[in-house]
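Each of the next two complexes has chain A plus one more chain, namely chain B in the first and chain C in the second.
Take a look at the complex of A and B:
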């Protein structure tokens, strides 16, 4: 048994109307990588906020290295060797790496010394980082490194990481894991928050699982299957999506040799894209973020027009049609960004139901909106897709990410499309909602629709896709049947991110 | 220590309360300004806000004036508010107002002195068309060349003022009185005169048009797909594209509507209360309407209240100029303050001010 570093005893925190944490006790050993698992709303963030001094517990106590520990604010937590990397970065784009790191420190050393220390620490832990570069030019993975290095400079005894891999490519995840294992070997404990079960099984020594604000179990994740963990998390038996074998149907959607310039100066242009989507088929498109996924979706949704004949739906050219005309013909889409793209944040769910449902559900007549009918449509989506919300009058931005995603995907599925294109359908969504969404997409395919899933989550694609292609710098590989493809083969299709390997090897 | 916290949802209470608070603060700050000018602040504020309606001496003249001044403000502001909701900023309503007046007056002068019931409706159409046309310049430049509609529409105000001066001195000058600048007086041309519908009330066709515009705007914004698209484009441009809204089309529609309504306002003014095309015809309604639109929270009915209030400050300003010799510019300062305080107060719609004990740092 490792020596305990931090012991939580009966931590309880209530907010008006909810008991966010109810009598939670567990301990984290020195150098241990400890997972904190739970669905959205299970109480993970509240718990972590208490450890980091952002929230004070109502009841219970914490003991750090045999001393009572009750941080009144984050700076006190940092002085006690507790550091945290947040899911959302707090960095300034217009400042360079060293300046950003200095801003987060209590007593920053002169910038030149700091730059040297940043370089030393980043090399020591295999996180290559140039202190002089502007943060605005960095990728999401590199930005995360800035946050991690900022924490490491304070020589933490406990590092809290909130959903660190949600922004990373598989290769970047590997690099991060090596760093975390190295830290652990040196005696730094890590509290790792995630709901990616495979990651936790691969990385963590121990896992504490929360559900509805209570601790349900502490276990060794490598001894449990991902399915066991998921069932502990959601408190019910999960059924993997069903996929009866079926013959390929007719071609519904076809794209031929299409090259398209991105409408975003920092975007990726599409180059010579060709594929066909058949009735009843789930086509998975993998790829590291920023390789043209957004552009592919915009091209298919009609937000970026393309030469008419190069995109066809059921044999009809649709390249020049706008989003509504495509919806009328049976092609619907669900973009990755829920707030601001798939839904207007400051509008009610009813008004958001109108966004894509107007034509196909005939919610509008002669330009006048039938609000009653629209509300009924929104409510049917809420009911059928188990969107947890007080009602359809609630603003979209008031919903949690997973609930809004269920609403957005549900809205498109309820339109009974012939072809549905979704980008990152389960990004940031908890396990039970994710399996629900996947099953809904599979049901749609079984009913004869064509389903195109763009995702960076390979496990997801392997689970639901019949056929498979990958995007790499705006090019799409040939479509291959999913059966028999290994993760390694898919990795090769994705092209990999080789440039990040040498730095790590050099550090070892 | 004072801390600012972003609210989870904008406060409904402050959205409604802020306009009233802004008026109150403007009265206080305005009073201080009048005191600095050596005038009795209480008397001045009274003269501006209360006497035009309640004093026995002035009310018989001022009350009808209230509708005459407010109608163009409301008519223009209703159109502007639609664009503002979509983040399309027409700042040049003053120019569209002038061109609308010139088009309307042009039709009247072309028919002079023929009688006929058809002349006035033709003027109405011409006025709206003139304003629409002037607003299409920034609209097309924006959609074609991605220019900024704020700058283009604003600068076109000064072009319109030049054209107004040229018309008053040249083409439209009254041929019977060549010594004076300005056109014939349309109030003396029965077929073109926008007279009071009910004598002594100040209600002319412009007031009727403003009321119709308010109702139309309300129905459009709450029940029609176009209003939905306007709000969508303003709040979430990417979601609007996803919903099939064409940004270029929306720019043309929003600038078109606000231009046409401003043109109408100009036409009703030149054919009624204004009477003739003169160099000093433009009186800043197009700019004041921007304040009206914001003070009315971009809501058609709010704009009616705000329009009446700003109309009141015009009349009260004239009164205070007459009775207390307060400079005419003071009233513009007054209107400016109102917008200033409103925008400053609106901060607390989205943010909460928290006082915390300074010891923890």
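Take a look at the complex of A and C:
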């Protein structure tokens, strides 16, 4: 038995209306890689926020190296050797790597010495970084390296990692795991938060599973199957979506050799994109965040116009048409950002239904809104897609991520489109809602529509896609049939970790 | 030749005087915006400084005390803004506009008895032999001390933002307040200090108008200088030296068009009067255009209210 490093005893935290953590106790040994497993909303984030001093527990106590430990703020946690890599990176785009690292340290050395230490540490752990670059220009994988190096420079005893692999390619994940194992061997304990079961089984010594704010079990993940863990985590049996085999139909959407400049200074411009989407086909587009996914969606939705003839829908040029004109012709989109892009947060579900359904459902006549019809449309989306809400008058902001996502995707599917383009359809959505959304997309394809899914979740794409391509720095690989593709092959298509060493050499 | 009647050395000297109030206000607002707060009340804080500085200087007979009073007056008004936007979470744009209207109204009341009064003179800084250098001495070395302190302030702000740790934290708060909070920095505290600094600078800028440039008190005497300062900050891409270049350009065109008016150039006066605004903005837009670089962008959290969720 390893010597215990941190012991949690009966931690409880309530927010108005929710008991986020209910009497949670477990311990983490020195040098142990301990998984914290649970769905969104299971209370993982609240728990680590308490350990990192961002939130004070209502009840219970923590014991670090046999001393009572109650950090009032993150700096106190850092002084005690607790460091954290955040899920949504706590980085500053307009500052350079060294400045970002310095901001996360208690007593940073002068920037010039720090730059040297960043180089040394990052090389020691196989995470090359150039301290002088602006963070806004880095890839997601590199940004995570900044966070990790920032923690490592403080010589932590406990490293908390919140969903670290959600933005990495499989090869980058391998490198990260090697780093984590090296750290563990050196005696640093790691609290690893994730809902990716295979990763946890490959990496972690012990796992604590949370569900609905309570601890369900502590176990050795390598002795359990992924299915067992999933059922512990979800509390119910999951069925994978069905996908009957079917022949490809005619070409619905075609993009030819399209290059497009991004309208965002930190964005990625699209370069010579070509692909075809057939009737009844689910085309999955993989890629690590920031490789042009947003731009691809904006280009297809019509928010960024392109040369008319290079984007065609059923043979008609639509490149110059805006989103509404494209909707009328049968191309609908559901962007990644739910609040503010896919839905207007401070408007009711009915109003949000109107925003995309106005034309195809003729909800507006002679310039007047037919509220009765709109209401009925919103209600049918809520009913058919199992959106849990008191009614269609509720503000979009008030729905949980999964419910709003079901509403947003359902709204587009209800328009009976010929082509639907979705970006990250199940990002931040709980497992049962995710499988519901996937099934709905597959049903739409079976009914003869073309479905284009942009996603960073490889498991999701493998599950639903018929054909497959990857975005890498704004370029799209050739489309390949999904059958027989391995995760390694996909990783290579995504540009993999091929850039890890060369990127470092180029920096010198 | 009409332009022959304009003495370049006098022109440069006058340009520096014309630019200083705007530069002071702009450098303060630059720090405020770098911290992620958009304070549209610059005009109000400037007129507050102009009025209070004038009143204090007249009553004590000391311009130095006048300037201190002006800084405190601007700061007091900015604290009101900080209270509204940081503690009570009101909308920054609306609060800033209200601050401007409030400042203009309040000073009209406070300054009523001071219209037509002459303030104590601010002496020129004696730079000895430097002032006797032909041309250069007249243009650069025969000013009051505030002009030099203002340039020093620009340098200090530049150094602070670029090299000091406190400046780095301030930029971090302005760039991404959620991340800064997650790392344990006090977003509201940093912002409140920045707002106070901005208020003090705007107050000093106003006092420079009423005590040195004009020097007199009239109601609403800032006539839009605060707004120009706000525009300068944006078009200078939030960089101190560029803001200074913009302010001097603006001052230069103001002085030049006044000289041209005096010299009787056959361009309608209205066009000449609007030229400083047009030229300054055109040049700064030209400088800041075409570069989609991170460093020329607005701070990421500018004008977004911060509320620590849990």
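Following the convention adopted for this analysis, the second predicted complex is superposed on the first by the 391 of 508 C-alpha atoms of A that agree within 3 Å, B and C clash if a C-alpha of one lies under 4 Å from a C-alpha of the other, contacts with A are read in each partner's own complex, and residues count from 1 in each chain.
Criterion: a contact is a pair of C-beta atoms (placed from the backbone, for glycine too) under 8 Å apart; a residue touches a chain by one contact, two chains touch by 3 or more.
In this text, all values refer to a predicted model and were calculated from it rather than measured experimentally.
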Practice task
Based on the superposed arrangement, let me know which partner A:15 touches: chain B (first), chain C (second), both, or neither?
Solution key: second
Practice task
Examine A:73 and indicate which partner it touches, taking first as chain B and second as chain C; both and neither are also allowed.
Solution key: both
Practice task
Using the superposition on chain A described above, determine whether A:343 touches chain B (first), chain C (second), both, or neither.
Solution key: first
Practice task
Kindly classify A:354 by the partners it touches after superposition: chain B alone (first), chain C alone (second), both, or neither?
Solution key: first
Handout entry: First, second, both or neither for A:323, with chain B first and chain C second
Key = first
Exercise for the section: For A:136, decide between first (touching chain B), second (touching chain C), both and neither. Expected result: second
Completion exercise
So the chain A residues that chain B and chain C both touch are 73
Practice task
Flag every residue of chain A that touches chain C in the complex, lowest number first.
Solution key: 15, 46, 49, 53-55, 73-75, 78, 86, 88-95, 99, 102-104, 108, 134, 136-137, 265-266
Practice task
Within their complex, state which residues of chain C touch chain A.
Solution key: 165, 168-169, 171-172, 175-176, 178-180, 182-185, 292-295, 297, 299-300, 310
Exercise for the section: Using the touch rule from the top, collect the residues of chain B that touch chain A in their complex. Expected result: 8-9, 223-226, 228, 231-232, 235-236, 238-244, 246, 360
Handout entry: Residue ranges of chain A touching chain B (in the complex, touch as defined)
Key = 72-73, 301-303, 322-325, 327, 333, 335, 337, 340-347, 351, 354-356, 358, 364, 367-369, 371, 395, 398
